[in-house]
Amino acid sequence: MKKIVTFGELMMRLATQNNERFGQARSLGLTYGGGEFNVAVSLANYGLNAQFVTRLPNNDLGKSALEEVNRFQVNADHILFGGDRLGVYFLEQGAGLRASSVVYDRANSALATVETNTFDWQTIFKNADWFHWSGVTPALSQTAADVTLEAIKVAKSMGVKISCDLNYRSKLWQYGKSPSEVMSELLAYSTVILGDIDTAYFMLGKEKVNPDYTATNELANLYKPLFEHCSNLDYVATSLRNSINTSHQRIGGILFDGAQLFTSKSYEVSYVVDRVGSGDAFMGGLIYGLNELPAQEAINFATAACVLKHTIPGDLNRVSVNEVEKLTTGGGDVQR
Amino acid sequence: MKKIVTFGELMMRLATQNNERFGQARSLGLTYGGGEFNVAVSLANYGLNAQFVTRLPNNDLGKSALEEVNRFQVNADHILFGGDRLGVYFLEQGAGLRASSVVYDRANSALATVETNTFDWQTIFKNADWFHWSGVTPALSQTAADVTLEAIKVAKSMGVKISCDLNYRSKLWQYGKSPSEVMSELLAYSTVILGDIDTAYFMLGKEKVNPDYTATNELANLYKPLFEHCSNLDYVATSLRNSINTSHQRIGGILFDGAQLFTSKSYEVSYVVDRVGSGDAFMGGLIYGLNELPAQEAINFATAACVLKHTIPGDLNRVSVNEVEKLTTGGGDVQR
Amino acid sequence: MKKIVTFGELMMRLATQNNERFGQARSLGLTYGGGEFNVAVSLANYGLNAQFVTRLPNNDLGKSALEEVNRFQVNADHILFGGDRLGVYFLEQGAGLRASSVVYDRANSALATVETNTFDWQTIFKNADWFHWSGVTPALSQTAADVTLEAIKVAKSMGVKISCDLNYRSKLWQYGKSPSEVMSELLAYSTVILGDIDTAYFMLGKEKVNPDYTATNELANLYKPLFEHCSNLDYVATSLRNSINTSHQRIGGILFDGAQLFTSKSYEVSYVVDRVGSGDAFMGGLIYGLNELPAQEAINFATAACVLKHTIPGDLNRVSVNEVEKLTTGGGDVQR
Amino acid sequence: MKKIVTFGELMMRLATQNNERFGQARSLGLTYGGGEFNVAVSLANYGLNAQFVTRLPNNDLGKSALEEVNRFQVNADHILFGGDRLGVYFLEQGAGLRASSVVYDRANSALATVETNTFDWQTIFKNADWFHWSGVTPALSQTAADVTLEAIKVAKSMGVKISCDLNYRSKLWQYGKSPSEVMSELLAYSTVILGDIDTAYFMLGKEKVNPDYTATNELANLYKPLFEHCSNLDYVATSLRNSINTSHQRIGGILFDGAQLFTSKSYEVSYVVDRVGSGDAFMGGLIYGLNELPAQEAINFATAACVLKHTIPGDLNRVSVNEVEKLTTGGGDVQR
Amino acid sequence: MKKIVTFGELMMRLATQNNERFGQARSLGLTYGGGEFNVAVSLANYGLNAQFVTRLPNNDLGKSALEEVNRFQVNADHILFGGDRLGVYFLEQGAGLRASSVVYDRANSALATVETNTFDWQTIFKNADWFHWSGVTPALSQTAADVTLEAIKVAKSMGVKISCDLNYRSKLWQYGKSPSEVMSELLAYSTVILGDIDTAYFMLGKEKVNPDYTATNELANLYKPLFEHCSNLDYVATSLRNSINTSHQRIGGILFDGAQLFTSKSYEVSYVVDRVGSGDAFMGGLIYGLNELPAQEAINFATAACVLKHTIPGDLNRVSVNEVEKLTTGGGDVQR
Amino acid sequence: MKKIVTFGELMMRLATQNNERFGQARSLGLTYGGGEFNVAVSLANYGLNAQFVTRLPNNDLGKSALEEVNRFQVNADHILFGGDRLGVYFLEQGAGLRASSVVYDRANSALATVETNTFDWQTIFKNADWFHWSGVTPALSQTAADVTLEAIKVAKSMGVKISCDLNYRSKLWQYGKSPSEVMSELLAYSTVILGDIDTAYFMLGKEKVNPDYTATNELANLYKPLFEHCSNLDYVATSLRNSINTSHQRIGGILFDGAQLFTSKSYEVSYVVDRVGSGDAFMGGLIYGLNELPAQEAINFATAACVLKHTIPGDLNRVSVNEVEKLTTGGGDVQR
């Protein structure tokens, strides 16, 4: 059983219900989520040995968040207690032609204020096969960026493969540095990168190119700078999402190994129950796939996992390997 | 007012809410349903004299189930109390590309353990015009199969028309007999059979043929063995359902009298509120139609009733004759 | 900041939840709404000085309704307390091929029983730029029709522009007069009329013509009688709605100034969260647009406002100018 | 099995939930109730043949109300459809030192507007043993009072026993007559009267006397005018309720046959789940008791039934004979 | 109509429901509250001209909070938008022998980071009769303390009466100053102080004395230092609360004018729906009373208002003058 | 950290909400519980190394139950998948003078059908300090009794202390043996027994004696047969519960070591949120206490833990050591 470590923030998610706008809500649905945690849950659901590393505040809210980690048999041995508050995000679920909206309230969270030399990375990465992080963590604060780099370097030194989901969030990055100042160095260690070309270019400080992902021939050229910047890079992957409206998405994915392009089939996803976490579901499916399956099946698995996430409320992709694999052959009837 | 008797199990239905998966549920929606009861409720809603026969446990849950029977003015005079437990089924509602899932917990239920000579069929079928049963009841246990045969024979002897919804459920049939061993004899008495050709063939012990229901010419040949096996058979009917995904169905129906094929229009059903019970809604519409309308209108009515069921939560089709008939001319605007 | 006065009934709305039919409901969602109030809330949300005039019963329900008026910063200075009861409407939300259904329970409401010389229209219209009323109010009772005429005449005498949403409701008009007997005189003062041609014709006592709204050339002719009847008429507008089913609407709009036709783009609206109040959202957008924008942008704004309403539960269109304007450029992604 | 007929209004009850005040409610719990219906349900639950007579509007709300009647196996054969609207009452549940509050919205209801010669009382009272009415119905309108008298006279002529729950509601009686003008005649036919002495005096047009119900000796004198006015009177009963606060009641009861006083034990009822309908629960218990038990046991049963009602949400007393009888010997432990 | 200004933080309150602990919650009830806002709502409910001053973040959450201010007709003209986040507090409702628990998450809120010269106090206090603040605001941050002093000084200079609720919260005061360093100066301007003697002593830097509030004679001595420190002090008031358990409180109050002690009756409050905000309800009742009633009636009113708050969910005391006054004469019966 | 093993059934609990009776419920609250699991969760919450052993069905319901075990960091390494169904119990929550009611539906559950030689007890008890079982498991079936004996013998052979909660449930024991036939042998190995004297006598086949637990002198005599039967018995404990009504309990506890009696203080518990699991909370507190505290403090801790359980919905006692200990010094105020 492969051991995969993910590192990031675990937040309380407070979401409006029954299509209400924020001003209508008299109660908010409470779950817990965060990109890298979401990935860890996917991996645990697929039977891998997933470990999640974070810092939670030592209060009732932090402890409640920890219960959710335990629930999914994600290893929590290196989750520390400390800091002042649990990061929160408020989600207003959209529908039809009204977009969903997120209000982040994660400044000064337990993870945003963590400092280097807090986590015991040597122990954490012992026997680990893979380390996953995302562009959200270095976007939180300088110290969070520092700790991310610290983790990456130890992982690298111990021969652990490293994946990054670029995950650019414009509402973060409030601490005075631009993404390219920070991400460029962090990305250089990557084995696998998930993200579209323009986000990758943006994080490397390059100009946008508005790539055409159906133009297979050009993609090799466009990805080239990424492979050059990241000397260990095995794969780049991108989910291809076409938003017809909030309730109707068209979803596919591609995987590129520097030479060959693997393309999954495209799905009509309608209606959408909850889109948040679907990128993490893709990432979780991809890590599983790249560890357990051939490349073509890996991208198929990642895309199907992403599709299924749209049918499940909350951040987490509560699906099994079997369910993801079954999607490729259809589905939709009551099982009885 | 025609008197129609249906016989089968009435279960507690416990369904996840708000698109939750089983592992997320902190409450379950509680309703009551079961194929033959669902048919009886449809018929009562259409103004017929519907009688439902079953056995319920003599505890608070059985009594609560009985309240639901009364509520719809379905005659409950021959519902008996006895046995150990109320059958339960757990329903996880799917959405989009995630299928719904049922966990049956109906073994050793009050009906599954009922024995012959329990119900007073002579009295039950007095003045009855029609008896409806389905392939679910003989799938429960040997004794349930025996009691079904007992009922059918009495009905036949009293000149009552007999309809069967084949309703094959692979998760049932756990008591050691194959469907064809049991159903073949039971079906022989039928006046009307609802089911697709391959299920019928399977229950007669014949090989599957994957029929093309648009090839009208072939259908007469394919249905022939059914008409031969069932000497009193007036009609076979099939709902034609194409599942785009869990939330989007395409629904039509055909009715065949051994010579002429009657085809209803096809409906796009999106989005689907609750698909469970839609086959029973079709059956209920069909029995109403075959008793009150010409054949073409009967299949139109059955299909429209089935379509409307998809918009109503729970097993039961809470619609009137007027509402079903209105569907053929459109609808969709607020009535005010 | 333009001052817009609207006058009409504010009702308690009691709606089934989770797609339930009336007979299934064990609780009803409680909000407050009414066509002219809904328009006032839209206008307040867009930053205009909206004033709503009505009469509410002096009991806990009337006071709760008033809280909703205050909530949206709609001016309530001329809302009076009196009469016996709050009007109520019960809403059964439809889905897919099942239409929504409204049961009105507004007879003898505080507004329906109001008499002339109750409201101080001279003070109400002081500094007002616009007065909006709809065909619902004169449909309630003779006295409500009388008070509407009273208001219109004062508005006219004070140079206030007057808009009317024809809003024909066949379940109202129970007091012995036909719509054309009453509406013909009331409409004559209008600056702006919202409604389709046949409803307008019906209210002027003319025969239906089933106009083709895509036949631009003909429209001028068809609208001519309206402009002749209403000597101050600047614009007629119509929302163009095509109901695929209850959950899927196609929505556009046109605005005609007697000479030039302005047509908005058409939107696919799927799925529909709540259609009630979407006409009022159109009206609210139109009044805003005609006060603040060129004609083409006004109809674009009205149509987009109407579209967004379909995504929001309740009667009220909780959207900002910014959100309406953004719809024209797309949307549908999570904002984070 | 004794046949008991009750006659009165069946209303939709809309109650605030979770201790909310009206202004806080965003949904209201929907049940159905009405004094005489509540009594009928109690009697059906106790195994008697209960028949409820009323008029309901012929719309979805009236039909939903009828489902509730059927649910409890109360005979609905003489419930008519007609009139304009279903009576509604809004309930704000109190707690601790905040009283509950009711807003009636029952003017012009289907029952309030019913006229004489509508119900077929001869058929209704065929084989009936008992007729129950209450002071609420004649309080609705002159015609409702007339129909009540009509029913009473037929019942009397057919030898049916007649009980009345005085049930004075100061918010009713709005049609121009005082209670004593109307009730005096109606009460004269009574076999059993439920109500305190001062309410009875008030309805006979006599002055209040503030009786001391523990002064057994005086009670005979105080009840004397009642026995004189009602020549057939067998019993008067009064529930003795001491409201410590909304959540804590002290409850007992007395029954007087003109000579002997029967007193039940007194119960501490804390906390109170729902007090509405507890008087009807007392009445239902009393009618059952006077038909099936000796007088002392009858008052014991009525009081215990009243006590149990306080633990059950809604108007209806969902208890069995067995449960009421068990209360006298204790209770409070989980039954498992 | 007296004009009363209150100043403080308005927070989002997220409370567990149905007696759940934090770890069990899957949704949280959302309301808005804050001590000084709660007081303003009480005063508006009592018909006074209440103005609330605060700063809210310019996002959807801040705007939703503002809707609540408007709802209650509290004047919001001087509520500013700015800062980064809305303060939040999480409430776990206790029951019986389990205490309620609050997790504050209000650091760096829009109000905590406000600076002097932000609010236009001269305009705010124009025509004002009273200014109310509490010990919570200076506990938030140095700048919040500074702004409080700024407000107090302007109020004083304009002849506005000043009340303070001492409201010591040990979980606040995290910015490096002790309460006595800050509060001593602020309190000196007070006309009315609400709080127990030991809290007052603590804020003046004096030792605790554990006073016996029934020893009327001693109280004059004990209050003396307070009157000496605050040269304008007219009254000190204290609510006397005895917590039998979380669900059962005993509540009274005293008011002292430096010479005479006014004592209200004591109430048993059981069960408690929601205790949060009951101190603010006392304060609101006291300000109303001191402005409109004689001293004895003022303390009676304050205590009864406090008692009623325990029956209402949320921070706000949704009661009228009439309801508070009625409590003194009893209550507890359904009003119908 | 002491290792404590518990063995028993984990059931789905489906409970009515908001004081509803079974017949009123339209949804049921879903949690998971079972006496021995409840004890394990208490112990894990207190920081001990708790391991729970059971068998769950290999379906979605069994897996959801397992998530709950993981959530609380109870070791699940020896939970097996197998058997046909998850045991279920339906709970109707009582209130005031209406008792709660349980409908068990646990026949043929995964645990009831487990056979000997299924669990690897040698490994399970490795390094274990304590084994806890209850009288519920041998009441399920002969095989469950056999497996219990198997476990006890291995535990005994490995020097593990053994506690039993007698937990007599009259609705179980349906497989043909009387409790004394089975329990007598099982109990003989006990180190600690929880239960009242009469239940213990009943399980040893002795006559009831109705002991007076306040008569300290007699208790030694009464407990003597138990100490004689169980040669390793260190302690017997009994919770002393006086049920004023369902919502009001009086709770204390005693612990007896064969010579000395330790008595905890008695608590008034009002109102009761959820009584189910309070005996398990007592047991969990007792095991913790006997492992970590002197005898007097142990019984104090057990009683306080039991008291707190009454305030928490669900079977599980979600409290910490700190919270239990704090109860002895009071509580009831909001913590802020």
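Remarks
Every chain is named by a letter (A, B, C, D, E and F) in the order it is written, and numbering of its residues begins at 1.
Just so we're on the same page, a contact is a pair of C-beta atoms (placed from the backbone, for glycine too) under 8 Å apart; a residue touches a chain by one contact, two chains touch by 3 or more.
Keep in mind it's a predicted model, so treat the numbers as computed, not measured.
The minimum number of touch steps separating subunit A from subunit E is 1. Subunit B maps onto subunit C through a rotation of 120°, based on Cα atoms and reported in steps of 5. Ranking all chains by how far their C-alpha centres lie from the centre of subunit A, first place goes to D.
Here A-F and E-F were compared by C-beta pairs in contact; the pair with more is E-F. Between the Cα centres of subunit D and subunit F there is a gap of 45 Å. Work out the mean CA point of subunit C and of subunit F, and you get 62 Å between them. Residues of subunit B in contact with two or more other chains: 17, 21, 23, 26, 67, 101, 271. Chain contact summary for the complex, subunit D toward subunit E: residues 18-21, 23-24, 89, 94-102, 104, 169-171, 243-248, 271, 275-276. Touching subunit F in their complex are the following residues of subunit D: 17, 267-274, 307-308, 310-314, 318, 323, 327, 331-336.
Remark: subunit B residues 14, 17, 21-23, 25-31, 59-61, 63-64, 67, 84-86, 88, 90, 92, 101, 103, 105, 107-108 touch subunit F in the complex. Per the touch definition, subunit F reaches subunit A in the complex via residues 67-68, 70-73.
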